[in-house]
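I've put the structures underneath this note.
In the two assemblies presented below, chain A is common to both, partnered first by chain B and then by chain C.
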Partner chain A sequence: MEGRVQHPPLLRPMDQRDIADGRRAVGAWPDALLTATAWALPTAFILVPLLLFLILGFFEIQGTEIVYRLTLKNYTRFFTDAGFLPTFISTCLLGLKVAAIAVVLGYPIAYLLASLRGRAKYTVAMFFAVPLLMSYIIKIYAIRSILGGNGFLNRSLLYLGVIDEPWTFLIFNLNAVMLTLAILLVPFAILPIFVALERIPRNLLEASADLGARPLLTFLTVILPLSLQGVVIGASLTFVLAIGDYVTPQMVGGIEGFTFGRIIYSQFGFGNNWPFGAALSVILLIPVLMAIVAADRAGRARYAT
Partner chain B sequence: MMRLALPIQAALWIVAAFVLLLLYGPLFLAIFFSFFAFRSNRVQWDSFSFTAYARLMDNQRIIDALTNTFVVGVIAVALALVIGTLLALYHHAGRGRGRDLLQVVIYLPFLVPPIVTGLSLLIFFRQIDFERSLVTVVIGHTVFVLAVVYRNVLARLQTVSRTLVEASLDLGANRWQTFRYVLLPQLMTALLAAGILAFALSFDETLITLLVTGTKSTLPMWLWSMMRLGFTPDVNALVALVLAGTTLLCLLATRYLTKP
Partner chain C sequence: MTMRSVKHLLLAAAALAVTVALASPGWAKELRILAWQGYADDDWVKEFKGQCGCDVSVVFIGTDDEIWAKIKGSEGKDFDLFAVNTAQLQRYIDAGLTTPIDLDKIPNQKQTLPRFQDLSKVTGVMRDGKVHSVPYAFDSIGIIYDPKKVSSAPDSMTVLWDPKYKGKVLDYDNGEHNFTITALTMGIADPYKLTAEQMDTAKKKLIDLKHNILSFYTTADEALQLWQNNDVAVMFANYGQQQVKMMKDAGLDIVYVNPKEGAIAWLDTWALTSGVRDKELAESWINFVLQKKIGEQLSQRTGFGNTVAPFPSASDKDTMVWLEFVEDPTKRADLWNEIKAAP
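Up next is the complex of A and B:
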């Protein structure tokens, strides 16, 4: 990639060489070959691994060896063995709570951004977008160092004499996981809602005001319904990211904060049952797909005007 | 949007300030404690020093992890830029269900949770007996950031007027020349923005990397292993440096993203 691009003299007379080997020769790839070339890498490194992964869930493990005979054992084990289904449900609920917190905090901010003008709008928006690019593990670490039993918050409160014993309900349980994920994922909720609010045509709001609606009524009957697609997209995004995470629960969840993502991860670590882990991931994909479909539908929705 | 009543504006700003505090507060505290010690439940104001930073430079494992992260990031971004641009050009050049389907495949690693992307690659590498190393990390990152490049380039391609390309072809440039001298200059800022964004994503990638990495680790892996041990001023110093680097990247990216 070159840093500076020089514009060549585009206006030059066409000569015999150009006509002979020019555009036709270079552009004349057979359609099938072109298609095959385009598909080659995405197939090899995205489709094939995902398919292998889907299939692996239908094999089982005996001792330490994978037996390549199709079976539904992994899936029945998910329902029959204690612990898996309840963790799955509690993880989905956790995802819903995280999405709810993110949307509740994100909506007012998106609304504020949409009401700002000019430079201020994008400057403030950037402040909420920048943390998305900041190291994920560092953010968890920083949050944990505040919430922890030996963390900044507890030690300061102890010093100030507000408490006598360190608070322990802030760390190493599902609440800690929920709070941490909500903080990490809020920006993912703000941006789609902001985009949806920005898309609302101004004349709709003016019409509503002209027809005598007070601002609250305009908000409830015009703005809120039209921004719901952004809410759905933001909620889906945060939900998907929350339920698939396994690092955050591991770092702030302790023993109590066990989530489905951690169970899956452990199958590939000391649990060492890859087929079962693959089957569990497929089950994880069900709520994920539901969320993606919801977001896709919301994204396609057009104003019925 | 309509102008808001003052009390409502104030309320919205309060929520915004609260969330900003949640987003940035922990990070600033970490940076703060890279300079000051925290003993007997209070900040030791007279303990200001750069020793934590100096110790970082002596830690060969951190230097190695940083180098690995840069190497992986640069190669993965370069690969993603080339492949993503070609795929975007392919999609832009025609219509049809096949192209739309290919688009979905390209977006898949971004749509499914990272744990699924990571696991599928992990299984794939084991099935083809490919040992986990930095090479597998590069592949994982390329697959992950490809969608970013593809999306950015495609969005830009759709704004480039077709008449420009047609004019170029009519005036006798062949397709390569048209791409190189007409299209590429138009794509340049999109590629730069996508490249920076992709590098930032790769630099930070944890959930996929953790699954496909071999014995050599990238920075997030090293941080992950350190943080299980506890909090030290060294880690805080590293955190501060990484944050400074990311902020710089963000500023660069916005510079190019905001350019039309």
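Up next is the complex of A and C:
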């Protein structure tokens, strides 16, 4: 065997011949640097802050200063004081409802996208992703002013004579929060479902038709089960984003707009109780982790039955 | 050049860029200000920059707790100068986040209106003989109502509880002020130092208030948008003259009135942070904005009272209850959460 030749780095994927030649994809030390960076970035920006939060939750405040004495006070307070556990539960329920609505709204759109051909498919997909580029707050302001008693929707309906009195039930209640969150988060439901639908091989649908199944039966027995993993991922993503939200409930929820996110938010504001806020954030991590595990399980589900 | 050496060159360039970005503190002297909108307008900043030959960066905030988060969060190091009201100032002094001001560097302070001349008489700005902040702007918190929807002119905050206006009331989303105004309607002498019993009674009243309102608001323009898009009759006007001006400019027919039981009044001041880089530069800014022409412009543009030029903001007939630091802000915030969570 001749000695290994030093080749310049490849700019294309390696193949069998490269391995036989003894090539490596990159040189030794840039390789190590890349690996180190890949590990360092999530550790520094995700793991470390989470750990700091976890630790902070075990301290308490006295007056305006944090007292660095380990205590379980913050966690026991969550269970013993009134208002925290019920709000936590109602927030999780709200998240589930928002996820359900977002998936129900998003599935038909994803289906439409998947059934388009050629360039139209990705162009139209772009349109549904464009709202994600807009400012979150501006979108809520827009929805709030459209749904208001004197807003665009009511004024149109009154002008058209459809109603005599403005509809006031569309805004400043929990339903408004649910609807607004679903509208804001629906792009996060569309995309995973779209991807899952795209992965269904066309020949399965053709086989189903050849065997005599009507389109509805094909949908129920072939398409829906195979796209379920996308549905679960979309639902999990929407759920996680909805339960932590602290802006939408305050802006469109009126006196019912009080969720767990707002309790956490107030601890970092006037409440000035960062350790307690940290503990509450850690508690909120539990449903988040459960949603992530559910999404992960769905993602790993066997594709062909 | 081979691909490998290009890659090495890029890595080296990236490392160099990162080092330079981290190391350079800026060449010119810089003044970093944290303030409310309207306190550091572009034209004033531009004029000041020309005078001092320095760089000025202004960050705007919308609520008191944002100021706390930014100043306390950076332990006073992220800014040189910040605007804060006399009540909130106390907790910054307690936490060692301010630097005492040298009044000799602020000659314009001698030309202020009589009420603000003797700083030892202005509650809150001095501590242990040292001046921690200089007064700048003030306003009161009252009631804004729509004269077409409200039959007789209200004169007390109790109008917010009036069942006639159920679902047509807007309240400010803040525990401290809500407890204070409730305490004033209850006739309590010192609404900033409530006992546990008084807070309990106030809490029950506030849950009743919650059931009478349409929604909470946080910022002045949010309140305007809510008023424009819904049927609202009366509102707790936390932003006083600023809101009046905004709503009148938007063409709304509204009237402002201070409650007879006493109106919360705040006094905003300029304070130096504990991490101020150039103390004299910061003090020269304070001197700059205490000029009569700037004071007049401030009042014209925002509607607030200023400390140097007379302006018809609050009438002498109104009872002002100057804002103080409350007995326990965390407790008021926690109770406010309970009020909002209550069914």
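One rule holds in what follows: the second predicted complex is superposed on the first by the 240 of 305 C-alpha atoms of A that agree within 3 Å, B and C clash if a C-alpha of one lies under 4 Å from a C-alpha of the other, contacts with A are read in each partner's own complex, and residues count from 1 in each chain.
Just so it is clear, contacts are C-beta pairs under 8 Å (C-beta built on N, C-alpha and C of every residue); 3 or more make two chains touch, one makes a residue touch a chain.
Note that the structure is predicted; figures quoted are calculated from it, not measured.
Enquirer: Go through the superposed model and pick first if A:Ile263 touches only chain B, second if only chain C, both, or neither.
Expert: Only chain C; A:Ile263 stays clear of chain B.
Enquirer: Of the two partners chain B and chain C, which one touches more residues belonging to chain A?
Expert: B
Enquirer: Looking at the overlay, what does A:Tyr141 touch: chain B (first), chain C (second), both, or neither?
Expert: It touches chain B and chain C both.
Enquirer: Considering only touches as defined above, state whether A:Leu211 meets chain B (first), chain C (second), both or neither.
Expert: After superposing on A, A:Leu211 lies clear of both chain B and chain C.
Enquirer: Does the superposition put A:Asn272 against chain B (first), chain C (second), both, or neither?
Expert: Second partner only.
Enquirer: Report for A:Ala32: first if it touches chain B alone, second if chain C alone, otherwise both or neither.
Expert: In the superposition, A:Ala32 contacts neither chain B nor chain C.
Enquirer: First (chain B), second (chain C), both or neither: which does A:Pro86 touch?
Expert: Touch partner of A:Pro86: chain C, not chain B.
Enquirer: What is the contact status of A:Thr168 with respect to chain B (first) and chain C (second): first, second, both, or neither?
Expert: In the superposition, A:Thr168 touches chain C alone.
Enquirer: After overlaying the two complexes on chain A, where does the chain B footprint on chain A coincide with the chain C footprint?
Expert: Common to the two interfaces on chain A: residues 8, 11, 27, 141, 144-145, 251, 268.
Enquirer: For the complex, give me every residue of chain C touching chain A.
Expert: My answer: residues 2-4, 7-8, 11, 63-66, 68-69, 91, 94-95, 167, 173-176, 210-211, 213-216, 218, 222, 225-226, 228-231, 329-330, 332-334, 336-338, 340-342.
Enquirer: Applying the document's contact rule, which stretches of chain B touch chain A when the two form their complex?
Expert: Where chain B meets chain A, its residues are 1-5, 9, 11-13, 15-16, 18-20, 22-27, 29-30, 33, 38, 41-42, 78, 81, 83, 86-87, 90, 98, 102, 105-106, 108-109, 111-116, 119-124, 126-127, 139, 142-143, 168-169, 171-178, 181-182, 184-185, 188, 191, 195, 197, 200-201, 203-204, 206-207, 210-211, 220, 223-224, 227-228, 231, 235, 239, 242-243, 246-247, 249-250, 253-254, 258.
Enquirer: Please name which positions on chain A make contact with chain B in the complex.
Expert: Within the complex, chain A contacts chain B at residues 1, 5, 7-8, 10-15, 18-19, 21-23, 25-27, 34-35, 38-39, 41-43, 45-50, 52-53, 56, 105, 108-109, 111-112, 114-115, 122, 124, 126-128, 130-131, 133-139, 141-146, 152, 155-156, 158-159, 183, 186-187, 197, 200, 202, 205, 209, 215, 218, 240-241, 243-247, 251, 261, 264-265, 268, 274, 277-278, 281, 284-285, 288, 292.
Enquirer: Could you list, by residue number, the parts of chain A that touch chain C in their complex?
Expert: 8-9, 11, 27, 30, 33, 61, 63-65, 82-83, 86-87, 141, 144-145, 148-151, 166, 168, 171-172, 250-251, 253-255, 257-258, 262-263, 266-273
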